[in-house]
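Each structure below appears as C-alpha cells.
Heads up, the next two complexes both have chain A, just with different partners, chain B and then chain C.
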Partner chain A sequence: MAFGSKQTTAEVDTALVRSLQKVEAGQPLLQVRDLTVTVHARKGDYDVIHGVGFDVRTGEILGVVGESGCGKSLTMSAVMRLLPSNLETTGGTIAYRGVDLARLPERDMEVMRGGDLSMVFQDPMTALDPLYTVGSQMLETIERHLDKHGQEAREVAVDYLRRVGLSEPEKRMDQYPFELSGGMRQRVIIAIALCCNPSLLICDEPTTALDVTIQAKVLDLVRDLQRQMGNSVVFISHNMGVIATLCDRVIVMYGGRIVERGTVDDIFYRTTHPYTTGLLACMPTLEGPREEPLVPIPGMVPDPRKMPLGCPFAPRCPHCMKVCRQQVPPEFDLGGDHACTCWLCAARGTSGKLLQTPAVAGPLQKEAPHA
Partner chain B sequence: MSALLHGDLGTSIVSSGYSVNQIIADKFPVSAQVGLIAIVFSCLVGIPLGILAAYKRGTAADRVVTTLSSLFSSLPGFLLAVVLLYAFGMWLHALPTSGLKSWQSYILPVAALSAGPASVLTRITRAALLDVLSQDFTRFLKAKGMGTRYILFKHALRNAAIPIVTTLGPLTAGILVGNLVVETVFSIPGLGSYMVRCVSQRDYPVIMGTTIFYTTFIVAILLVVDIVYGLIDPRIKLDE
Partner chain C sequence: MPSTNDAAPLLEVTGLAKAFPMRVGRHKQKVPVVEGFSLYMQRGESVGLVGESGCGKTTVGRTICGLYERDGGTVRIDGHEVGASREDEALVHKTIQMVFQDPYTSLDPRKTIADILAEPLKVQRLAPKDQWRELAGKAVESVGLKRDCLDRYPFSLSGGQRQRIAIARALICDPQLVICDEAVSALDVSVQAQVLNMLADLQAKTDVAYLFISHDLAVVRHLCSRIVVMYLGRIVEEASTDELFSHPRHPYVEALLSAVPEPDPQRARAKRRVELEGELPPLTDLPQGCIFSTRCPFATKECLAARPQLEECAPGHRVACTRWRDLQLKGTDELVEAIAAPAAPAAES
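Coming up: the complex of A and B.
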C-alpha cells in the first residue's frame, strides 16, 4: 500500500490497536450481530433498530438501501457510536477486527473513529467548520491519528487533496470551506475521512446533496480510491441505480430490520423480498425506455412507535398472508450470500433452510471470524 | 449647531462656567474605570459558567447555573444594589458603601453592575455553544475522532463567539458610560449619577450633551464589534 501506514496508528495507541486482529481478504472485517437501538422518549422507550446483523468483508463495497426512515443511518451511526443523545444501543455486538465496539470505552472509541474507522455524511455544505481552513481541519485529523506533525503532516494532507482530484491542492489547504463549491467540499471531506488510511469507510448518502454530474464524479472517486487503497466501504443510498453500479453486496433495510441481503446479482436478478421488488419497480433506468412504468410502493414507512405485529412490510405488501400479520418472519438462507426475511420463502417451499437469528454472542473477541 | 459639529457640546446652565465637554472629561473616566472592572468581571464569571453549563448540559450543575443566571438577569438592578448596600454596608459593616476611596469600595458597585451582564453572558454562551454542538460539523469532528473538550474549545467556542460578541458590545457600552442607579446608590461621582442630578435640575445642555456622548460611544463600540466579527469569521471581510 503506497499510502499511510497502520504502524503509525499503532504507535499512538498501542494497546488498543495491537488488539485489532488482522483480517484476511474476503473475511469479515466488521460483524454486527443483533444490533438494537432504542429511543428514550418521555412517553416511553421504543426500538428503532430491531436486532440487525450483517458482515462487512475486507475490500468490498457493501450497499445499504431502503426508503427514507428505515434505519440506514441509525444502524451505521450505532456502529460509529455517534447516535444522537436520546438514542442508545441497547443490545448486540459490533465486532470490528475482533474488538467489540459496543463495549469499547469512549476514549478508545475516539482513537478508532477517524483513524481505522471513518464516516462521511450526507451534506458537504455543513460538515466542515466554517471558521477554519481546509488545511487546518485536515491537519488536526492527521495529527490526532498518525504520529505526524508539521511539514510531514502537511505533505500527507496535500497528497490526499491531490488524490481526491482537487486542483492546486497547496492553495486549497489555505482556503476556507466557503470558498469551495459543494462538490469540492465533499472531496475535501472524503480526503479527511481517508487521510488516516481507515480499514472501513462508511458513506452515508454522500452524493444526495450534490447535482447529478458531480454525483457521478464523487461515486467514481469513492470506487477508485477503494480499489487503490483496498479498504472496505459501506455505502448508504436510497438510489438502487447507484447501488447496482458501485457495490459488491447489498443489504436491503425496512422498518429497522434487514429484509434481504445478497450479492448485487442476487438482489437485482434473483429478487426475492416483495419490498426489494417494490424498490426496483420504482427505479428509473438510464438505458433507454423501460417496458413497465415506474410504480411507487403504496403506503408509507411504518412509524417506529406503531410497528405492525408481524412482518413490518405487511400493510403494504401485495403478497401478504395470514401468518405475515401474526409473526415476524425469520431469515431464510437462499444459498450463497443470499438471504431473505419473508414468509413467502417458506410458503414457496424454498430449498433454503431456516437461518437462526444468532443469540447475543458472548465475548466475540475470542471467536474465530465466520462468514 | 455648527459648534456641535466642531465637538463643542455647550455649557451647563446650573454649574455656571462649566462646559459640557469639561464635565464629560471629569466624570466619564470615573464611570469607565468602575465599568471596565465590572465588564471584565462579568466576562470572567459569565462566559466560563456558560461553557460549564453547556459542557455538563442536563446535569445538576447545568440546572444550578441556568436557574441562577435567569434569576439574576431578571432581578432589577436597583433592587440588587440596595440589597447589597444594606447587607454588606449597613448590616454587616463589612464593606464601604459610598465613594471610591479604597479598593474595597469597588466591590459592591462592581458586584451590582456585573450581576446582570454576567448572567446574560452565561445564558448566551450556553445557548450559542449548544447550538454549535448540534450542528453537522460537530458530528463530523466526532467522526474524525476529536475529543469532546477539543471540539468545545477549539471549534464550538470560536463559532459561539459571534453571538457572544454581539451581546457583549451593547453591554459594555451600557456599563462604561455609567449606570444611573448603581452610581447614585453608591455615591460614585461618575457620569451616571451626574446625569441624574442634571435631570432633576433640568440642566438641558448637559442632558443633551451627555446623551449625544452616550450615543456616539455606543456607535463606536458597535464599530469595534464589527471589527471583531472580521477577526473571528473569515467570511466577513472588512476590506471589501
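Coming up: the complex of A and C.
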C-alpha cells in the first residue's frame, strides 16, 4: 500500500521488467530451490516447509495435492511473498525469469503481484472489499497493471466477467459483493486474477466452494488461459478429480515436503509413494463397484512441531522399514519427470542418480532432477 | 389413514412445501423454496439428496425433522401421519436426527464431550442421569473414538473427530433415520473415508437409514443406493444410484454427471461435457413451464407451455421432463467416450 502511487510503480516497473529474462515455452518460468519457511513462536521457532524445490514451466499447469496442513498454501504464499506475519522464508531461492523473488525489494514485489504473478486465495470471503463495487475493484487492478483507463479498462473488465461465465456482466460491474451468491463472488475473484493476463497464476483451492457445473466452467477457463496465451498455472487442490482433469504435472506434498512428483499419468498410473497410493485409495470414484469399503490412511497429518525423525509419513505408512524411522529419504529419480522421496525406491533398486548418494540424510532436493 | 404399521415405509413424505419471506422488488413476500417434495424411505436404506447450492436440500432436511414448520404436505413415520401435537413432535425427535455440515459451530464450545452427548438424553428423558456417562461412552466408541475423549472440549479435537462427535450425538437416542447435511464435506479425503466407512458399518449393525445431503456425487454414489436430484426446490429426477449414473433421464442430471471431474487422467481427457448456459434463476422469478427450461440445451416451445410433473419412466425411476421419451441422454460411462485401455495399472504396493 505504501508504494501505491502510480508514478513510483511505473518507474520501478521499467527497471524490473528489463531485468526479467525471456523464457522459451516448456522451459522453467519459476524455479524454487530449498525453500524453507519458519514459524516464529514464543516457545521457539520451527520449520513448516522443509527445503522444497520445484519448477513451473512456461505454458504448463502444475497441480499441488496433499491433505490439509501439508504446506500447500504456505509454499505458494512464500513464492508470492505473502506469508502471515509470524512466518518467514528462512532459506532457499525463488527464481522467476532469473530474478530471485526472495530477495526482491518489497516495492518491486508489489509490481510483480497482480501483474506478472497473480494468486487466487483459498478464502474467497476476504478477497473482495465489501465497500466497493465489483467494477471498481476490477478497474483498480486493470488501471494499475495494464495501464488501460476509462472505457478501455471497463471493456476488459466486462470481457473477463463474461469469460468466467457470469450472466449480465455489465450489471455485475455495478453490484456490491454482498449482492452476489458465493459462486458468483468466487468467479469475480478469478476474473480479477485473470484480467491482467498474469504469466504465472497461482490458484489455491479456487473451486472447492463451487457447484460442479460452475467448477467445470472455471477449470475450462483456466485451461483456455494456458492453451491460448501460453501462461503457467499452479493449481492447489485436494480433489484428485480436478487434478486429473486439469494438470500436466503434479507435486504431492506431505508434512511440508514434496514426496512425489511427475506427469499426471506418472502420479495416477505409476503411483510410487505410499502416501500418493493412500490418497488415491481413499477417494470414492465414479466407476467400478460402488460398495467396496474405502481404504483410509490411518492416523493423522503430523504436527509441524512434532515432526517424526525420519520420513514424515513413516508413522502412517504400511511399508515402513527401520531406515524410514531414522533418516529422511532422499529423492529418487524414476526417469522422465517422475521422482519419489521414499526409501522403498532404494529397496527396490530403482535406478537413478540419487540412488548413489550415501544413505545419509542430506538436505532434500538440492537440485530438482529436471531443473 | 393407516396408523403405525410395520409394513409402511419408515418415512413417507408427500407434497412437502416450505416458503420463506424474501424481498421481491420493494416488498417482502413468502416465496416457495421447496415445493411438491415427495420421498419414501425404508428402514436401513441410504438415499442421497443432491443439487446445486441453494436448491433447497437443507430446507428439506430441516422441514422433515421438524426444525422448520412445513407450509404444506404430509410426513408419515411408520405410516403414522405426523401432526402438530406434542406426542407427534416427540415421535419425530425419537425417530429422526440431523447432523449438520460444520463440525466447528455445531458443538457447544463450553461443554465437554460427555455433556454434549448427554444433552439429548436429558432433553428427551431417554435415560436416568446415572446412565448418561455410560451411554456417552458407548456412543463415542461406536463412532470409532476412545472413551478418554469424553472429558475433552470440542476445540481440542480435530475436524474429523468433531464430526464423529456430531454423529455420535445424533446416534445416542437410537434414531431410525439420520439426516446427514454435508456431514463429510469439510473433511479431508482420508478422514472423509474413515467417516464414510463408519457410517456404512453402523448401518450394517443397526439398520439405521440415512438421508445423505451432499453436492459430491462420488461420495453419494459410494454410500447411497438411491438418489434424488433437486433443482430450484423441486425434484427433477429420482432413481436407483446405478440407474441414475448409467441412464439419466433429465437433461440437468446429464449435465451434472458430465461436470463431475474424473479422478483418472485418461477418463478425464476423454470425458464430454454438457455445458449449461446462464445462471440459476432466482426463486422469486421462476421460469415459465419447466423450471430448467432457461438453461436446458433441449428446451422447446412445449417445455415452456406447462410445468412437467414427476412421472415414472421406469420402475422406481421418476423424472420431471417434458421430453424424457425422445431424449437420448448419456450416463457417466457413455460420457467418457471410447477410450484406450489405461496404461500400466497403479504400480506395485
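Assume the second predicted complex is superposed on the first by the 335 of 371 C-alpha atoms of A that agree within 3 Å, B and C clash if a C-alpha of one lies under 4 Å from a C-alpha of the other, contacts with A are read in each partner's own complex, and residues count from 1 in each chain.
FYI, contacts are C-beta pairs under 8 Å (C-beta built on N, C-alpha and C of every residue); 3 or more make two chains touch, one makes a residue touch a chain.
What you see is a predicted model; the values in this text were computed from it and never measured.
**Student:** Put chain B and chain C onto chain A via the superposition and say whether they clash or fit.
**Tutor:** Once both complexes are aligned on chain A, chain B and chain C fit side by side.
**Student:** Between chain B (first) and chain C (second), which, if any, makes contact with A:73: first, second, both or neither?
**Tutor:** After superposing on A, A:73 lies clear of both chain B and chain C.
**Student:** Which angle, in steps of 10°, is spanned at chain A by chain B and chain C when each chain is reduced to its C-alpha centre?
**Tutor:** Computed from the C-alpha centres, it is 80 degrees.
**Student:** In the overlaid three-chain picture, which partner chain does A:93 touch, first (chain B) or second (chain C), both, or neither?
**Tutor:** neither
**Student:** For A:270, using the defined touch cut-off, is the partner it touches chain B, chain C, both, or neither? Pick first, second, both or neither.
**Tutor:** The second partner, chain C, only.
**Student:** Looking at A:294 after the superposition, I want to know if it touches chain B, chain C, both of them or none. Which is it: first, second, both, neither?
**Tutor:** In the superposed model, A:294 contacts chain C only, not chain B.
**Student:** Who does A:58 touch here: chain B (first), chain C (second), both, or neither?
**Tutor:** neither
**Student:** Who contacts more of chain A, chain B or chain C?
**Tutor:** Counting residues of chain A touched by each partner, the higher count goes to C.
**Student:** One more residue to check, A:212. First (chain B), second (chain C), both or neither?
**Tutor:** The second partner, chain C, only.
**Student:** After the superposition, what is the least C-alpha distance between chain B and chain C in whole angstrom?
**Tutor:** Distance of closest C-alpha approach: 6 Å.
**Student:** Let me check the overlay on chain A: which residues of chain A are in contact with chain B and also with chain C?
**Tutor:** The answer is that chain A has no such residue.
**Student:** For chain C, which residues are in contact with chain A within the complex?
**Tutor:** 52-54, 158-159, 188-194, 196-197, 200, 215, 217-219, 221-222, 241-242, 245, 255-256, 258-265, 267-268, 271, 273, 275-276, 278-280, 332-333, 342-347, 349
**Student:** What does chain B use to touch chain A in their complex?
**Tutor:** Of all residues in chain B, those touching chain A are 135-137, 139-147, 154-155, 158-159, 232-235.
**Student:** For the complex, which residues does chain A have touching chain C?
**Tutor:** 67-68, 166-167, 181-184, 211-213, 215-217, 219-220, 238-246, 264-265, 268-272, 274, 277-280, 282-287, 290-291, 293-297, 300-301, 319, 344
**Student:** Please output the residues of chain A touching chain B within their complex, sorted ascending.
**Tutor:** Contacts found on chain A: 80, 82, 110-115, 118-119, 121, 123, 126-132, 140-141, 144-145, 176, 178, 189, 192-193.
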